[in-house]
Amino acid sequence: MAEPILEFDDVDIRYRTDGDDVRAVNGASFAIDEGDYFGLVGESGCGKSTIADSIVGGLDDNGEVVSGEIRFKGEQIQDYSESEFNENVRWKEVSVIPQSSMNSLDPVMKLSEQAVEMAKYHTDLSRPAALDRLRELFDVVGLSESRISDYPHQFSGGMQQRAIIAFALFLQPSLIIADEPTTALDVIMQDQIMDYINGLKDDWDVSMLLITHDISLVFENCDSMAVMHGGQIAETGTVDDVFDRPRHPYAILLQNAFPDVRFPDRELAVIDGHPPQLRDEVDFCTFADRCPWAEPACREGAPPATPVAGDDDHLAWCVRAGEMSELAANHLERSTESTSILEGGQ
Amino acid sequence: MPTDGKRESVDRRRVLQAIGAASAAGLAGCSGSGRQETTTEGGGQETGTAADDGELGERVPTLTFQYWSDQGPPTVLFEETISNIQSVASDLGIQIETQPMTTAQGITAVGDDVRDFHVAVNSHGPDPGRLDPNNLLQSYSIDRAGANGEYNPSNYANAEFSELVDQQATIGVPEERRQVVGEAMSIYSEDMPFVPTIERPTTAALNTDMVQPIEAGGAGLSAVNWSALVESGAQTQSGTDTILANLPGEFLTSSFYPTVGDTDSLGLYTQLTHSPLMLYNSDYERVPVLAEDWEVSDDGTEVTFNLRDATFHNGDPVTAGDVKWTYEFLSEQYHAGNYQWTALPEELTVEAVDDSTARFVTPDPAPTLVTAQLPTFGVLPRDPYVEAGIEENPTDFEDPMIGAGPYRISTYNNQENIALEPHDGNPQFQVETPIVMQIYDSVSAVRRAFENGELSIAVTLTPDAGRQIADSMGDTAQIVNGAAFLPFGMMPQMSFAPGMFREFRQALSYAVDRQGLNETYAFGESEEVTYCTFNSQQHPWYDEQYLTEVGEETRNVEAARQALSDAGWGWDDQGRLHYPPGAELEAWPEGETPNPENF
Amino acid sequence: MSRLRYFARRTAVTAVLIFLVASALFLFFRLMPGDYTSLLIQQGMDPQQIEALRRKWGLAAPLHVQYVRYIVNLLTADVGQSFRYGEPVWDLVAPRILNSFVLVAPAITATYIIGGLFGAIMGRRRGGYLEKSGIITVSAFHSIPDFFLGIILIAVFSSTLGIFPTSGMLSTPTSIMIQDQPYWRRFLLPEFWKHYALPFATVMLYFMQYPALIMRNSVVEVSDQEFLHYHRLKGLPESTLLRKIIRHASLPVVTLYPISLAASISGLVLIEIVFNWPGIGSLLVSSVLARDFPVIQFVFLVAAVWVILGNFLVDLLYGVLDPRVSVSGSDGE
Amino acid sequence: MSDGAPVLELRSLEKHFDTTSGITETIRNRLVGEGPKLVRAVDDLNLTLAENQVQGVIGESGCGKTTLLRTIIGLYDPTGGEMRFHGRPTSEFTKDEWKEFRRHVQIVFQDPFNSLDPKFSVRRTLAEPLEIHGIDYDRTDIEEMLESVGLTPASQYIQQFPNQLSGGEKQRVAIARALITEPDVILADEPASMLDVSTQAEILNLLNELTDEFGVSMVYISHDLSTVSYICDHINVMYLGRIVEKAPTRALLADPKHPYTQALIRSIPIPDPHYDREQATIGGEPGDPIDMPEGCRFKNRCPERMDVCDETPLDVAPDGDGDREVACHLYYDHEERAGAEPKPAASDGGERP
């Protein structure tokens, strides 16, 4: 197995506010291996975007990594200054495909100019060279080269999203963070975009951190994943592990809550309540209140990472991870028997 | 409720005044009880039991006092006049509201006899032409009253008066004319279409570090009347070589004076740069300037002037030829509609008897010629003006700016400033120092500039500003106070009630505290006017023997109430004023003009 | 779409607007009671003479006739003669408009530049002491009536400290001295700048509020925009980001600029009067009171045209600053 | 009520918009002599909603589904076609009948965060429609309704304000508000799309139960087939203002006819790493509603593109299955049809500007 390109080691992130701080991320640990596509799933406000921001120093001014280590290629980056991020991380190494492509491109700059600008600050590419590069990339993401000097507003949402992908590839980074890259798009467009993102895996040796609320995207496009809830990592492992042997209640319920077009009749699992406000010390399982199997222990200290089936790469942060297979039995034996109504596939 | 509010504040005011004014104090005691008896007794004299309680006529409505809101300092006086009356409104049992209007609005409204205000607190502009009574007499004549668009300040309709007004206009023999004018004035004064309050004060200040103090006549020193300055020779203190003075905004808009926009600026030319044959000095007396003297023929159709030795600014002598050309030309242009103010008789001919004798001839007597027009418009040198093309286009030619005044115009910047240099060819006035005059739009700007030494003479100040300067500069400032020749006052609209009733006008006249006005507005520098006339005591035609005294220097509310109740007016138990029972409330129907038969 | 068509449309619209404004002006002042001749009455001009004048000025004619005449003259660039001064309106107004312009145009411009930058700084230091005090200060200056602000400055710098003169554009003697020289010569005189200082300061302090606060708000707004976050993540240095922020944030300020500038045509009446600045302001006021229609109509027309053209220019400028605009000219989004 | 006639019936409904914006824009157009630009947001649309039926309408954003919804509740006047409520054309409605109609047709909006008045307590939110329609009620009515949408204990929620509720709870209140007037029809505009998966599920289930429990019919509008399939008996696939295919849910999913439907279904990601989905083979962008292609509006993106696609396709029942319709040239023999139905030609004419 290759050396991890990005590691989170027991990271706490907080946002300072006038009242109590908001503890957005608590004791988050996971690792992305070189060349892997890693999916980070969770409901809105679970802290997944905060994690993304922390990697590229994109936290809001009042946000801060208070403890733990974020290692990029073995290098600790959690305490980097703005300029250090510019020097060593941003774009050359880690580029971002932001959530809202529509609003992410500078409306008053031609795309070509925005590319040239990137080149100017990070490389010694000449202007023509930069433009040529952009043309190539436009080709890669399926945009016509002739349009590199258009303005963003002349592009449709899907095209803007592709342009953004092109930008993300511009400096051949080793890690791309895709933060909800398709939420704003319709299914067909989303499918196409994910297609391109997937395509990169082969042609470019790049790792990907895919952040989304849509677990199906992760299952379809990622090698490994982490499920987050209320600022805590619930479970992490390869997508197959998490799909076949989910051991964190949230991971289990989330999958069953997710509509699957193949089984229109399936009863959808419901997860009651909502994540807690994280204003005080988080020394408990943030899912406890919503968890059907919660027991006192869940509220006595943050749950430890428990290897599933002795596999250290498949971890569940649940005190009852061991018993889950029995507890959640009826949730686990799922659709695998009943057959898809969809033709084709399998 | 606003009216209640008004009442209260009024009462409070009254109490305050009670402390000061004896009369008010007296009334404060007897109001209420006094009300009753005066009413009944009034009733007794007048129409039988008319004014017994319950036997009252229609209630007097809330009275609207209109005033011009755009007149600068006078507007302040207008407002003070109204609040002065307002402070005794409750004692008279009336309510008052005010209605500010721009001058143009106000005049149009009065001209159309629009009856939405009862009293107009306006003024007569002190324009040179009005140093002869003709102009104002005319404007009070009956054919200008009523809704005909013509301006009769109080829509005063009196046929007999108007008759005399027409006569006086064509009486050649001065004595006779004075007689007729006198009779007209006595009717006017008796009828009281104008309720005078105080003289219109003029205030100026000289910086005595720069300019030597001057002796000013009753007119004082003002932008419209510079006589005082030239009479005293305009001398500066050593070290100062130029007099810096201000002019009100819009003064310098046309260097050729017969075409100036408003007559105020005429004085500037008449007294400084374009001397006439004779002019009104700072005491409003006519003194010879370019003329030695003049005599009027017995029938008043001929006036003969003997000229003095004088030269124009270009060095040419002033000849009878110039006189002839000047006045015949000005007359012609006036009647052609080109020059707005040179109201010379239409068939005027001037004979140059010899170089130094000019005779003015009119088919009919033109009395105002020597009293109004000739003292206002100066003599022009014929040749330079003809060469400048004045005869081809009289309103648009390159003005050589030449006259025979004590000053010649060395620089003229339209709407900005004007520089004057002494000219020694004037037989009457010898002046020493150049004057530079700058347009200023606001009195306070003038005051600040004066206090800051940017001006050595400040004219057309408000009495208030004069006071402030005196306070801030002490001896280094000479404050020159004077009075214009037309007083302030109120114009009750006589086309309908209550203005149409003399007793009401009389009451108004008693109710106004002239002394108080003088104090609040003019800091006591002005004078109370108690005889009814549109001329001030300074005015050359002021003649008390024809006039009726219509008020007192201080307020007399009792007299006011008396005047009303004597005429059958009464007060109900809330003390609200009512007309006499069955009183006719229109002098003539709204929208019409008065029929001379009935007035 | 083709820029040309865009211009064509805008120009056409502009023309129509100007026409409408001209008509509105005509009507508006005609509907006020009284006309100039009323003032002549008050000065004792006799009725016959007045009738003559009203005929001469066409005030006697029915309204629609006057209107047609007015429009026709306008089309032939004849703005008529002042009733009051019998002078061509242009001669009367032009020099004063120039004076007003000389004062207000630079003052407003400076206000927008300085105020804009100040606002930008406030916007960046959000919640900081500078922002709080800054907002209070500019608002305070604006809440004082402009003329009173002027009087205060005079009280301090003229009356008390005696640094600057209280009034005028030049001392009277000087202005007479240089009257025959070209207008710009006065700019070479230190004295001019002494006279210039206080009115200039007054205008600036008074109007600072608009650019400063608007700029602050829109900087705050722009700073939160996604694309700036994206720029930042792309690793652009602070300085570059700031430049971008200012460029984006300046749009609304730019819009306001010509409108404020239009004030220099109609004149900042009170400020001009306080400092006795020989601008258009006082003439305008007295002309309105005197119902000197030709003057009023012309001055207001100039002001209106100025605003309209100003906005037109801004639209074009927008097209450059923000590419989205020029297109929005074509389709209605 | 139940007079055989369907609860709600749309017959070749049309809603076109003039996109000209603002006076100046209009003036410009007049000056340059341009006509207004029409957006054919809803065009020749037929839909029949039987009692207790749940009709789903899906399509990409901009396909006109929201316009459809607003036209149904009468926010817009249809520019053509007619709408029948219990067999009665709404065009003939009197003011009172409209009021009745509004009572019987309720809407649940997409965004629970804005669709509730923040100043209204839950109680008031539910009471308001009752008062508007002059239905007397007491606290228990409201509490029962809250219970039935799963806000238990009702007594605890009834006094709360929107800001005290979670997204899911808000949406439940919105649903309760819709149901409380005992409507015949509920129009649901992507009621789950703004919510997190966990809550999404609960809302979907809730709607499922309620429609059965209260015997309400529902038109459910969404862009997301996978959720629609959970609650709808029938699904109408909308593309650029037209319904290109309608069928019972299972049938549609199992055997989509229209190339667009096929693309839609194939694009849906499947939450199963082992499942190997065959990708959709469709390109391009959703068409521009302002100037739409002649004939079949999907043709430019259609993998099956034929020449005949320049003709407007008829709605046909594929392989004689009366239960479904598809508007695609692939599914009928044109010669035979040609004479038969003049109707499409007419509506076709309506399409050209």
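Should a chain be cited, it is by its letter among A, B, C and D, assigned in written order, with residues numbered from 1 in that chain.
Keep this in mind: a residue touches a chain if its C-beta (ideal position, glycine included) is under 8 Å from a C-beta of that chain, and two chains touch if they have at least 3 such contacts.
In this text the structure is predicted, and so the values were computed from the model without any measurement.
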Worksheet item: Quick check: more C-beta contact pairs in A-C or A-D?
Response: A-D
Worksheet item: Per-chain C-alpha centres versus the global one: which chain is nearest?
Response: C
Discussion item. For subunit A versus subunit C, what separation do you get between their C-alpha means, in angstrom?
Written reply: 55
Worksheet item: Cα centroid separation between subunit A and subunit D, in whole Å?
Response: 33
Worksheet, complete the sentence: Whole-angstrom distance, CA centroid of subunit B to CA centroid of subunit C, is 39
Fill in: Rounded Å distance, subunit A centre to subunit B centre (Cα mean)
90
Worksheet entry | Numbers and ranges of subunit C residues touching at least 2 other chains | none
Response to the item:
Shared-interface residues of subunit D (touching two or more other chains) are none
Fill in: Two or more partner chains touched - positions in subunit A
none
Item to complete: Enumerate the contact residues on subunit B facing subunit C in the complex.
Response: 70, 102-109, 111, 124-125, 127, 129-130, 135-136, 138-139, 144, 150-151, 242, 244, 249-250, 253-254, 259-263, 334, 337, 340-341, 343, 395, 411, 413-417, 419, 436-442, 444-445, 448-449, 451-452, 454
Worksheet item: Which part of subunit C faces subunit A closely enough to touch in the complex?
Response: 225-227, 229-238, 240, 244, 247-248, 321-324, 327
Worksheet item: Which residues of subunit A touch subunit C in their complex?
Response: 56, 58, 82-83, 85-86, 89-92, 95-96, 98-100, 103-108, 117-118, 121-122, 151, 153-154, 167
Discussion item. Show me the residue ranges of subunit D that touch subunit A in the complex, using the header's touch definition.
Written reply: 60-61, 166-168, 196-202, 204-205, 223-227, 229-230, 249-250, 253-255, 263-280, 282-283, 285-286
Fill in: subunit A - residues contacting subunit D, complex
43-44, 156, 158-159, 186-192, 194-195, 213-217, 219-220, 239-240, 243, 253-255, 257-262, 264, 267-272, 274, 290, 340-346
